[in-house]
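Here come two complexes built around subunit A, the first alongside subunit B, the second alongside subunit C.
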Partner chain A sequence: MRFFEYEAREVVKRAGIPVTDYGFTTDAAEAREIAQRIDGPTVIKSQVLSGGRMKAGGVKFADTPEEAESHAREILQLEIAGHMPRGVLVDPKAEVEQEYYAGVVWDGIRKQPVMIFSPVGGIDIEQVAEEQPEKVGRRHFSNILPLSDFEAKEVIAATGVTGSALNKLVPIVKRLAQLFVENDMVLAEINPLGRLADGSFVALDAHMDIENEARGRHKKLLADLGVGDEETRQAREATPFELAGEEVDSQDHRGVAGNVTEFDGNLGLVIGAGGGSLTLFDAVRAHGGKPANYCEIGGNPSVSKTCGLAKLVLQKPGVEQIAVMMSIVSNTRVDIVARGVIKACLELGHDPGEKIAIFRIPGAWEEEGFKILEKYGVDYADRSVSLNEAARRAVEKIGGASA
Partner chain B sequence: MRKDGTFIAVAVEDGAAADAELARKLTEACPVDIFAQGAGGELEIVQDNLDECVLCRLCLDASPPNTLSVIKLYDGDAVLA
Partner chain C sequence: MSILIDSDTTFIVQGITGREAVNLTRECLDYGTGAKVVGGVTPGRLGRDVHGVPVFDTVAQAVAHHRAPIDGSVVTVPPAFTKDAVFEAIENGVKLIVIVTERIPRRDVAEMVELATLRGARIIGPNCLGIIVPDVIKMGGIGGPAKNAAQAYTPGPIGVISRSGGMTTEMSSTLSAAGLGQSTAVSIGGDAIIGSSYAELMPLFEADEQTQGIVIYTEPGGRMEAELARWVTEKDSRLPIVAFMAGRFMDEMPGMSFGHAGTIVEGKEDTASEKIARLAQAGITVAERIEDIPEMIRAKIAERSAA
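Entry: the complex of A and B
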């Protein structure tokens, strides 16, 4: 779940990292009051959860409180990438000598957080990594063991920063890494991190993303920030296809057949089982397949619920075939899922043998399931076929296989 | 009385189907609501729920021998006994 900039700044401030004397408001008149308090030039920034604010006119500079109010009024009514702003952040226009970058992200492959630092800030770190790779320092660190100063120092020093700046940056990067771990984040980024004329550093912008599943562990922080339980903060609104998936899942209490996300490929997926959905989705893509959707089934959904989900996927424009795949199941019955997906094909007038590229669900009641699949001529695989191989076969069948 | 779904069929002897007590028992026993009682207490088979049958045999246990059959249409009409 992403934080708005004004929330991320508050998290940064609480961690002891210097921030500017900013103010957040939803009211243009109050923006003027904040600008008066700042008593100098200000930057008025739209608080939306999307990039491209500057280009869209969501960031404006003001020399006077009156100008700040006027800009705030405009920005508060400005939609950016389909989002209306939550409010505006009124920030002192800092006289920065140099902009730096400090960030921590979760490395899903190493299963460890990684600190990233660059003396080239204010632009995308990906661009810096591509154009000036020697200016980007990286270091994985443990999210279990205490973090030492030298770990942060190593990352910063690797980019050529020395002396007083190095000494001042170490606690900032270390605190950023600590707040990342303490708050179960997947991203914590200060960009730019500005060095002022007096040599001090100040966070000028921050982006943070907390692990959705960890929200329950950080109720106090979220309450302090005013984040309600109902706020999902998805990157975009649910599509009609995704809403229809929710409808299918809510039709009865048995099992799960939902959590649908729409993509634009030709291979429909009916997938699931304890992380199996993500693994299978990735496997399909790794083999050059183009998924039409992501979804999750499990916990023994009823035949009608499975049928409803499969029908939804089969009817999605562009879907040529579906792949029905799960890891080995113990709490979902193979025969029930088989009935559901075959019934979906039949009710839509399709031949299940042609429409189902592969059925790979081994586990409980598989003998019954395989009998059903055989009767309808559906190509199926047992547990001797890996998830990866099943995904490859599905992609190959639909004509999108990589070598 | 017999009703067929896509995968499962259920047949009940006509005499047994008229038995309100048996209808009550079956309605209570079936976990996926394949059975219901009509206005007069007689047994009804709910067509929409036939394919939800989980082959649990609770209906067979609740019925007198040879009065009720569950048929697996996908398995050569094998009868659950």
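Entry: the complex of A and C
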């Protein structure tokens, strides 16, 4: 989950890394007060999660508190890449001599975190790595040995930085690495990290992303920052349909019947499991089908949970038929899924034989499942029909294009 | 032969008294020649048994009872306790650990993997279904009940490696139906950081005489496919590889996670199209449809043996 800049800066500050004396507000008049307190030129920055704020006009400079207020008023109304800002940050305009970069990310191949440092900051680190690779230092560090100063020193020195700058940067980079680990971040970045006229360093912007799986062990931090449990901050906000899917899935703890993503087609999908869903969604589209949704079933969900998911999909406006398909199941039971989807059709007053374009779930308890499907006249297929062929048949039935 | 496990492999199940673990134990005991499940561990449940398997409070007790080192462990404890359980197994001399548990933060996974590496142990998973050697042994829930597993998996020359547990079975079943059995099938897990990647398992298959070709299932997200492509190119592997890439639609939806925790397009390099190009460059055939895989791998094996 991405943090807003004002939250990320707070995390940086708590780690003992110097930050400017900024203020966050959702109110233009308060922006003026913050600027008054700062008593000098300020930068007004839109607090949105999307990149490209500067280009979109979400970052403006102000010489006076009045100017700060008017910029704040404008920026608070400015939508950037489909997102309204959470608020604005009023930041003292620092007299920066040089901009640096410091970051920490995971390396999934080495399976260790890696510190990244560059004396070229303020721009995208990928761009620096491409254009001036000698200016980017990288160093992996252990997951189980204690982090030591020399590791930060090495990554900084590798880029040619020496003198008092090196000595002042070591604790900053080390603390960033520590906060990355301690807070279960997947990204912790200070960019730019500014060197001021007096030689001291200050974090001028920060990007932080905490791993969703670890949110449970950072409840205090999230509460302090005012992040609600329900905030997922996905690339796009969840739709009411998707939220309803989550509700179905959380009705009991047995198995999964959810992870719904909304699309605007006419073929409803009740599919699984993880990899099976990806494969089937691709297959439907490859045959010219228009999926109404993505979803996942797995881990042997109950009849009522499966029924809930099928009902949700069936009731989605524009859905003409549903296709119930999974890769071969060994844990989930075919008969339980069959019961769930048939129950959903019946409760909504539909004929399962007409509403279910195809049922392709082979595996555990398939004889029992197929018997039930036969009774209700549902077209079903066993493992001799591939996922791809099942998807093709479903698309053909609904009258979509078919190869 | 096989990789990682064979009919002599002994293992324990950590978290054995959980509902899924009880089923998994039954399945492993019933499958093939019958797995040697020499103990289970659930703290506070010393003295019980699960399908005849004795339950202990600690891994050390299980090892003492067995009077010999134990080869492996299947870990099915909740995410908050997984790291401790895996550390316990490693420090008690277990060399092969299959982690079934989902939703483990990657810091914990990275710590487990680093300790395993220090101690010469190997981790498969997390978020995986384990390993199967057709008709011989299975370690984990892979393939489900013995009856179902026997229907999908048959012995033969193909090594299978998959980021999706369910798709390991789907692809193996397709291979079996076409008369191509499997030497060993490994569900490696769908997380961003896992104990054993494609490239890390390749040397084992390379050294296994039974294995003549490799079939992999892959998804967007991460750089494991690039690592495999590099390995294949550098090592001049004797094994032809056919890959299936799911989640092609995700290229249009950066930043959204689908299917597995590790399946998210975060940069240019981890899109499906980029991976397909990279794999193809390394001579790995990427199948459009699963049903095309058997003929593709058969042709590639024939090509190699003719050369």
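Here is the rule we use: the second predicted complex is superposed on the first by the 244 of 403 C-alpha atoms of A that agree within 3 Å, B and C clash if a C-alpha of one lies under 4 Å from a C-alpha of the other, contacts with A are read in each partner's own complex, and residues count from 1 in each chain.
Methods note: contacts are C-beta pairs under 8 Å (C-beta built on N, C-alpha and C of every residue); 3 or more make two chains touch, one makes a residue touch a chain.
Note that the coordinates shown come from a computational prediction; the quantities given were computed from them, not determined experimentally.
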* Where does A:Gly57 make contact in the superposed view: on subunit B (first), on subunit C (second), on both, or on neither? -> neither
* Of the two partner chains, subunit B (first) and subunit C (second), which one does A:Gly16 touch, if any: first, second, both, or neither? -> neither
* Residues of subunit A touched: more by subunit B or subunit C? -> C
* Scan A:Gly40 for contacts with subunit B and subunit C and give back first, second, both or neither. => neither
* For A:Arg285, decide between first (touching subunit B), second (touching subunit C), both and neither. => second
* To do: Using the touch definition from the top, say if A:Gly298 reaches subunit B (first), subunit C (second), both or neither.
  => second
* subunit B versus subunit C as contact partner of A:Ile372, first or second or both or neither -> first
* Show which residues of subunit A lie in contact with subunit C when the two form their complex. => 106, 108-109, 111-113, 142-144, 181, 184, 186, 211, 213-214, 216-217, 234-236, 259, 261, 272-279, 281-283, 285-286, 294, 296, 298, 326-331, 363-364, 383-384, 386-389
* Structure fact -> Listed in rising order, subunit A residues that touch subunit B in their complex are 302-304, 333, 336, 339, 342-343, 346, 368, 371-372, 375-376
* Structure fact -> The subunit C residues in contact with subunit A across the complex are 20, 23, 79-80, 103-107, 109-111, 113-115, 118, 141-145, 148-149, 152, 162-167, 169-170, 173-174, 177, 190, 192-193, 197, 217, 219, 222-224, 227, 244, 246-250, 253-256, 258-263, 288-291
* Contact residues on subunit B for subunit A in the complex? -> 6-7, 32, 48, 51-52, 54-55, 72, 74-75
